[in-house]
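Report on the following structure.
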Amino acid sequence: MDFDYSDKVQRLRAQLSDFMRFHVEPANVAWHREVAAGRYPQDLIERLKSKAFSEDLWNLFLPGLRAEDPGQRLSNVEYAPLAEIMGRVHWAPEVFNCNAPDTGNMELLHLAATPAQRSQWLDPLLIGEIRSCFAMSEPDAASSDARNIRTTITRDGDDYVVNGRKWFITGPAHPNCRLAIVMGVTGEHLPATSTERHSMLLVPMNSPGLTIARNIPVMHYHAPEGHCELVFRNVRVPVANLLGEEGKGFRLAQDRLGPGRVHHCMRTIGQCEVALELMAERALEREAFGRHLADFANVQDWIAESRLEIDQARLLVMQAAHRMDRAGNAAARIDVSAIKVVAARLQTRIVDRAMQVFGAMGLTPDTPLSYLWTWGRAMRFLDGPDEVHLRVVARAELAKAKAQAGRNACHFVPPSQLLQE
Amino acid sequence: MDFDYSDKVQRLRAQLSDFMRFHVEPANVAWHREVAAGRYPQDLIERLKSKAFSEDLWNLFLPGLRAEDPGQRLSNVEYAPLAEIMGRVHWAPEVFNCNAPDTGNMELLHLAATPAQRSQWLDPLLIGEIRSCFAMSEPDAASSDARNIRTTITRDGDDYVVNGRKWFITGPAHPNCRLAIVMGVTGEHLPATSTERHSMLLVPMNSPGLTIARNIPVMHYHAPEGHCELVFRNVRVPVANLLGEEGKGFRLAQDRLGPGRVHHCMRTIGQCEVALELMAERALEREAFGRHLADFANVQDWIAESRLEIDQARLLVMQAAHRMDRAGNAAARIDVSAIKVVAARLQTRIVDRAMQVFGAMGLTPDTPLSYLWTWGRAMRFLDGPDEVHLRVVARAELAKAKAQAGRNACHFVPPSQLLQE
Amino acid sequence: MDFDYSDKVQRLRAQLSDFMRFHVEPANVAWHREVAAGRYPQDLIERLKSKAFSEDLWNLFLPGLRAEDPGQRLSNVEYAPLAEIMGRVHWAPEVFNCNAPDTGNMELLHLAATPAQRSQWLDPLLIGEIRSCFAMSEPDAASSDARNIRTTITRDGDDYVVNGRKWFITGPAHPNCRLAIVMGVTGEHLPATSTERHSMLLVPMNSPGLTIARNIPVMHYHAPEGHCELVFRNVRVPVANLLGEEGKGFRLAQDRLGPGRVHHCMRTIGQCEVALELMAERALEREAFGRHLADFANVQDWIAESRLEIDQARLLVMQAAHRMDRAGNAAARIDVSAIKVVAARLQTRIVDRAMQVFGAMGLTPDTPLSYLWTWGRAMRFLDGPDEVHLRVVARAELAKAKAQAGRNACHFVPPSQLLQE
Amino acid sequence: MDFDYSDKVQRLRAQLSDFMRFHVEPANVAWHREVAAGRYPQDLIERLKSKAFSEDLWNLFLPGLRAEDPGQRLSNVEYAPLAEIMGRVHWAPEVFNCNAPDTGNMELLHLAATPAQRSQWLDPLLIGEIRSCFAMSEPDAASSDARNIRTTITRDGDDYVVNGRKWFITGPAHPNCRLAIVMGVTGEHLPATSTERHSMLLVPMNSPGLTIARNIPVMHYHAPEGHCELVFRNVRVPVANLLGEEGKGFRLAQDRLGPGRVHHCMRTIGQCEVALELMAERALEREAFGRHLADFANVQDWIAESRLEIDQARLLVMQAAHRMDRAGNAAARIDVSAIKVVAARLQTRIVDRAMQVFGAMGLTPDTPLSYLWTWGRAMRFLDGPDEVHLRVVARAELAKAKAQAGRNACHFVPPSQLLQE
């Protein structure tokens, strides 16, 4: 057991931290000003992307890249601590071509795309030329189980025709978004419980019949890249746009999940670290009843508990990353459910305390806290509500208990007089 | 970073688990029967000790043993996973000569004893011939800061004379307890804040004037080895019984803490694992409203949350052990405060859920839950109340924030119209 | 709406408080010394009972007493604030003939006893000459649903024969306990879901075949009156000992519940008030880091939150008492489930904070805190685990929601562009 | 003690509920559409106001109205249950001329205005012709203690000149807002702890030098009436605009608080009832894993706990209203701090559960939940952070403990052997 980062990771962390400090953080105010003015801060982002690309801080995830692809080929354990650093500024990952959902989409394409699909979509994604979205969740279905997805993908001659409605799809409002990977039903005749009813399809964003119904405000915040509601009305694409085989959508969706959740969780850790730092700084500055807030024992408890919780969560996420590297994504399925719950709950809890230390200022958009708090809340359902993941963990635990029946008989000690009766 | 146990640790864990399963667990009912009858189960323990000694499952802690001493010389990272296993049965550590407070006392003697003290006290402790206690906390002092200790150790010719009252001293009721390491004031003239006012003294338990006023029930439970209230009335020992130098008591007490807390915390983890297993087993058996408790979503949430919390806590404790091994006990001071809080809170939380699944049976002494729950509560003050440790963590965090002043200025984004005013 | 106590209640509260202050509280140490010595403090109790009887502080509950019975005939709203005062010393209610389970048993007998049963059992109970127990819960059944009770009551000629095992039966260890009201199956042939399968039987404690297997320690505390495990082996009583009709046991058990829970909950409130007072007093005395604990903001938060929680709980209990008086016990069924959960959870929460302020002293039996804390925990299953009562409340809420379907349609505001599609 | 509403209150509740159901609720979608389009829904509101005025559902608060003023003259206990009903739709109170901050401002003017001030400001407020704001809190001061306010009100000839910056001022963006009641320093020479340093001034919104710097988004939500940042730069008003005497600002601010907080808290209760109803309805509709969410025990626990918490909170608020009616606002100061904390914490807790049952839909603006949740969070600092109010409650409790020193000595029972030593 070893809790130190490897030398390679330490070096990359230092390099990435410097990049954040000297290039990303100084651009933060400008980014927000642009967004407040209703514009995606494209120039700013492109300038930073070029710089990051040239420093080889690019495609830090995705270990299995081909020799010709740009990127670092890091394992999950190597990448996770970098995701934490990028997470400190919520728009930073795009600078390094490491933003969701493009990372997951690149992974999917890497796994399942045909050579033609690769060169049309994966190559431009890998160099950051285009953006993409992943169109799975639907307003009328409990989307945490992908089998509930109802959008239809119907074969019609050499085309597939897509009909349905998706929501909370991240990315479509990005000016460079060109591709939607759409999950839908191709096996209507199969039973509802089948894992072979769904397929994934590559749908160009400019396909006739595909419209962005709205960019859904999440707790009143409009993300500039969008968490959108998309409508598909007889959207027609050639059969060559199928990703992988027909009926393999569910399986592909499962494969996509693990690493993406580790990334998410580590970005959450980064955001929580920012919130904790802000809380401590504010507590040192602000006074009440003639003393600094930092001198009040309740504020100290909040700070300390935040530190304990963040450190524990980080270790759990890193352990999941380690399992994924060692034993594969499937083997880490329970771990991935576990970290999803832990990270989502962590963020609202930490940021809530930070806001309380900030007072009314914590409500304003002048600090990142109001965004982080509401986004933390959103994470408690996105990718499946916490309760679905807790259920996964519980069932694994119960299965273990069943397998070890009688294991703890030694712990029952009825008093001897009862035995004598 | 590596989350796997080393081969050596895995081998030892397997060996220790087998020993627990084949020797300790089968003796558990007998142990409780003896205790219920008011006897310390000495024969049972000695028989198991011989067996453990012969299998070299002995003195698993204490890396710095001399060549001639029996023991495994494990690092903290190696020892901690074994402490978890021993912790599953709360009286088991003595079988392996790994029980508190003897472990900590052996460590102290190892650090500071003279050759004569060693052969009189350390050698018999290392082979498990005698037991000892550590007499620090006092009823009238906030003992979490050792500087508040008031018992006096006064030089009188070639003797020291001890006067004072101690409580919650673990061990004096053990039939083999021969030694008390007593903390007291030797520097009355020094200011109250000085860390040089106190010394440690080796006091034989049979010294005239030393009496056990009572074995304090902890939440109505009388531990057979005792959490005792001791009275020292003009207890006289030769000056040669001073441990280390005069005025070094505070420093020695500090040094003693770290590893002992890691052991404690890992035993806690072991107890929590037992409680979680019992909860899952009971949930699979017991029915309400026509379904097994394991099918109720609230019970599932409890099981899953317990798993998440235990796994996180274990990792935090292991990380502290790792820091201690790498950088020394002093460097891990904050970590040790952190794990102390996490483990103590964990135990009441996990066991509380398990009891709720057991219903009224959880209140009886027929399962370990009532003991584990009340003992968990006790841990929230023993070795200093949680709040004292949270304060340590908070102050470290605030010091970091002070050192990094301005670090997060980039995160403040007042709206542009305010700037233009 | 009026939140003031009536003049009558205020007068009784003053009288009762004085009695507690001048007679009960001064006897508290003696009571505990006797119990610690293994004796029920009978003389002490009898002396106080005579005094209370002579001051007419007797049978404060039980509004429907006959003219010839001693007692105050108070409504639930009048009695509840007195139960709070008596609850401050946990053994005090017996002094006023107001202790569980005798109060509930008197109520049952008052409702259903024949004249002969009345004169044999109710009259001596009403004057405090004898004590009784209520033998319902069983080790092998989820007793929160009385229909799960398995003890058999079999007709054999002019007798009933009882066989079974009961546990957590309060009272049998009291030296004056003469009667057990036993719940058992008389309708074996009826379906398991029937509410007519059970009956109640009056069983003298000295009946051959009835033994006290043990006084179960609750979290290691042996109550002097006992929470006992009783064994019934062919216990034979005349058919005239049936309470009410055959098959009415379930119904009688339901009727018994409501007022008893209000009493219980108000005693809990009284205990919580004591714990809060002790916490505040200790915080004013004890110092850490050079300041009184009362000056630490976290301790202040605990004190204030305890006040808010106690005051809210008291109001909810009083409202339930009010409903019971106005609309009958059956109409207040949901309220009674609600207060049971609130009070049980309250006690562990408040006392936990108080213990933390007391430090290690809170673990000892020297203060009432350790008893109150563990007893609070027990209350979370006794009379049915919290979860069973939450389920009752939830189902009532869901039934309301069903009945009001569409009530909140006005609150859904999909954005207009979605409507236009 | 009586927990039933009086006949008068029951009649008014029925009338108000009908008005809500037939007039306000059907307008809810239109209200939101207007606001989404960036317009204050003035026509809609005015139409409803006329209707409410004509039904005498007008000025339901403010018991001390003059004979010639329109309104109901209800006590706090009578008004509070109506505030709960109005609170169900967050913009409804204005319809009945019962919205903050106008209610509080009318109360202030009623208490302290000169005849000229009354006819200029109070009369048009009482008939709902104009709106007003209350300009107290400031970005650079811990405004929970009004003595920290820094805005200056300087005498210059026959005028006062105001300079300063205010924020989170509710109301200035309302198209009819004509008046700001401004709190500022008139006694610069007095010590910072003096309660006589501040005065209140009536400042017309169209005064030169007074600008709305921004309508601050609260958790990204822009309230249509505004929570604004106001800048005062040499704003000049005649001395006749002083409200009450110079130096009485602090006192007036205190007087204003109590009833307003009761209103606020009861509106919160109303909002929580809506959230609970929505949660129950959704749980009955939505399925997961083949069962309705209403059948899952964790969802049932959330529903039941919400019911318990809301009912307790309501009672506490009503009790505070009762105390205010009986003993005056000052006597209820602690109660008012208590309910402020309870209500603010309640709202986030209840709505959080409701959102979890709604899944991703709970994040959208399509239901009221996202607004209610973020607004609940805001309430945890507005009118002073929870911690300030907890401190008030704690200090009252500690003062009681001091006054009763020794009261609980009877509860300490050291074991007898310790006494004999």
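Note that the chains are named A, B, C and D in the order they appear, and that numbering of residues resets to 1 at the start of each chain.
The rule is simple: contacts are C-beta pairs under 8 Å (C-beta built on N, C-alpha and C of every residue); 3 or more make two chains touch, one makes a residue touch a chain.
For each chain, UniProt lists the protein as follows: A, B, C, D = Acyl-CoA dehydrogenase.
Nothing here was measured: the structure is a model prediction, and the numbers come from that model.
> Looking at the contacts, which chains touch chain A (Acyl-CoA dehydrogenase) and chain D (Acyl-CoA dehydrogenase) alike?
The shared contacts of chain A (Acyl-CoA dehydrogenase) and chain D (Acyl-CoA dehydrogenase), listed by label, come to B, C.
> Need the most distant chain from chain A (Acyl-CoA dehydrogenase), centre defined as the mean of C-alpha atoms.
C
> For chain A (Acyl-CoA dehydrogenase) and chain C (Acyl-CoA dehydrogenase), let me know how many angstrom lie between their CA-based centres, rounded off.
The answer is 50 Å.
> Rounded to the nearest whole Å, what is the centre-to-centre distance of chain A (Acyl-CoA dehydrogenase) and chain B (Acyl-CoA dehydrogenase), using the mean of the C-alpha atoms as each centre?
The mean C-alpha positions of chain A (Acyl-CoA dehydrogenase) and chain B (Acyl-CoA dehydrogenase) differ by 39 Å.
> Please list all residues of chain D (Acyl-CoA dehydrogenase) that touch 2 or more other chains.
296-301, 365, 387, 391, 415, in rising order.
> Under the touch definition given earlier, write down the residues of chain B (Acyl-CoA dehydrogenase) that touch chain D (Acyl-CoA dehydrogenase) in their complex.
Residues 213-214, 229, 231, 296-301, 415, 417-418, 421 of chain B (Acyl-CoA dehydrogenase) touch chain D (Acyl-CoA dehydrogenase) in their complex.
> Within their complex, state which residues of chain A (Acyl-CoA dehydrogenase) touch chain B (Acyl-CoA dehydrogenase).
1-6, 9, 25-26, 28-29, 32-33, 36, 77, 89, 274, 276-278, 280-281, 283-284, 294, 297, 299-301, 303-305, 307-308, 311-313, 315-316, 318-319, 322-323, 326, 338, 341-342, 365-368, 387, 389-395, 397-398, 400-402, 404-405, 407-408, 410-416
> Could you please specify the touching residues of chain B (Acyl-CoA dehydrogenase) with respect to chain C (Acyl-CoA dehydrogenase) in the complex?
Touch list, chain B (Acyl-CoA dehydrogenase) to chain C (Acyl-CoA dehydrogenase): 137, 139, 142-145, 167-168, 216-221, 286-289, 296, 298, 352, 355-356, 359-365, 370-371, 373-374, 377-378, 380-382, 385-388, 391.
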